[in-house]
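Read the structure below first, then the notes.
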């Protein structure tokens, strides 16, 4: 899973049925690339999140047939070195 | 999901049955690379779209057994920062 | 799906059963990297083809359990800008 | 599967249900990129591990529906050239 | 599928059950990166092999639930240009 930051939301009136009513978020990865993800956790602009890709992206949605390959899995509070 | 721009359409008379009659589109990603996607939403040249890859690409098609690893998921109207 | 050119064929007497009798082709992508794909469409050296990766690569084969992650999906005739 | 080193653990109070109570680890790959993985083997900071991605990441968890695309598969003791 | 060279074997006493007793091999791809694969074909150090990734990696194993995302699919004898 990758660490990304939320940049905003995407408005697409014409889209495939398989996305249902899921909100689409613009994320930026550590290489500066902008990606689109569905957001079942309610992240906000500026939040650091981790994302799941591939078939795991579907399992994170209420409907696992959702046509997504990138889903926000959680909002990062902080991280700690062990010990 | 990635953001790409539609460049044109691809003509392939000799192709696998698993693509059915789906139209094939040439897309260009943000690195300038040309990719091929199926298009269930009716995008046109110049449109900015977002795409789904992997198994999600199949779920976006009328027949989820369609042999595609890249499908146009929607046409982008605009995007907004939060708040 | 990606655009690649056919370079030749690969000979492997010792290989997993899951590939059956499928022919193996050497392809070159636009970064000059050589990849191996199965070929259900009968492409020839020099042909420009598009390929499907991931689970879609299996659906393009007569037996969807074929152990491949890259399959030639069609031979490109030409491509056209819209309008 | 890739070789990575464990850097610490990630704390996320707000996350999708599909991750259950799995611990989240920060890993660093050989390009210096930080990634997030679930850890069913009990790796510690500084350990060198190998990871599985894609659907294989799910099969390594007690619940194969776990929403992960990266899972630690084992802790590396050492590696040997053949013969 | 990618072309890689076998470098040695990996010893991991602590690993997930999903790998069973499969041998783990260290491979090097054409960018010099070291990867870990399971080996159902009996490749030896120095052999050039091709590998399958993703879900195809599992289908190449005796147990398709094996937790691998990279499996050696065959040992390369040689390759030929067409015609």
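Think of it as A, B, C, D and E in the order they're written, each chain with its own count starting at 1.
The criterion applied here is as follows: a contact is a pair of C-beta atoms (placed from the backbone, for glycine too) under 8 Å apart; a residue touches a chain by one contact, two chains touch by 3 or more.
Note that the structure is a prediction, hence the values are computed from the model and not measured.
Taking the mean of the C-alpha atoms as each chain's centre, chain B and chain D sit 31 Å apart. Distance between chain A and chain D, defined via averaged C-alpha coordinates, is recorded as 19 Å.
Multi-chain contact residues of chain E (touching two or more other chains) are listed as 53-55, 57.
In terms of inter-chain touching, the protein chains here make up one closed cycle, each touching precisely two others.
The touching chains form a single ring; listed from chain A in the chain D direction they are A, D, E, C, B.
Residues 6-16, 18-19, 24, 26, 33-37, 44-46, 53-55, 57-58, 65-70 of chain A touch chain B in their complex.
Chain contact summary for the complex, chain A toward chain D: residues 1-3, 30, 40-42, 50, 52-57, 59-60, 71-83.
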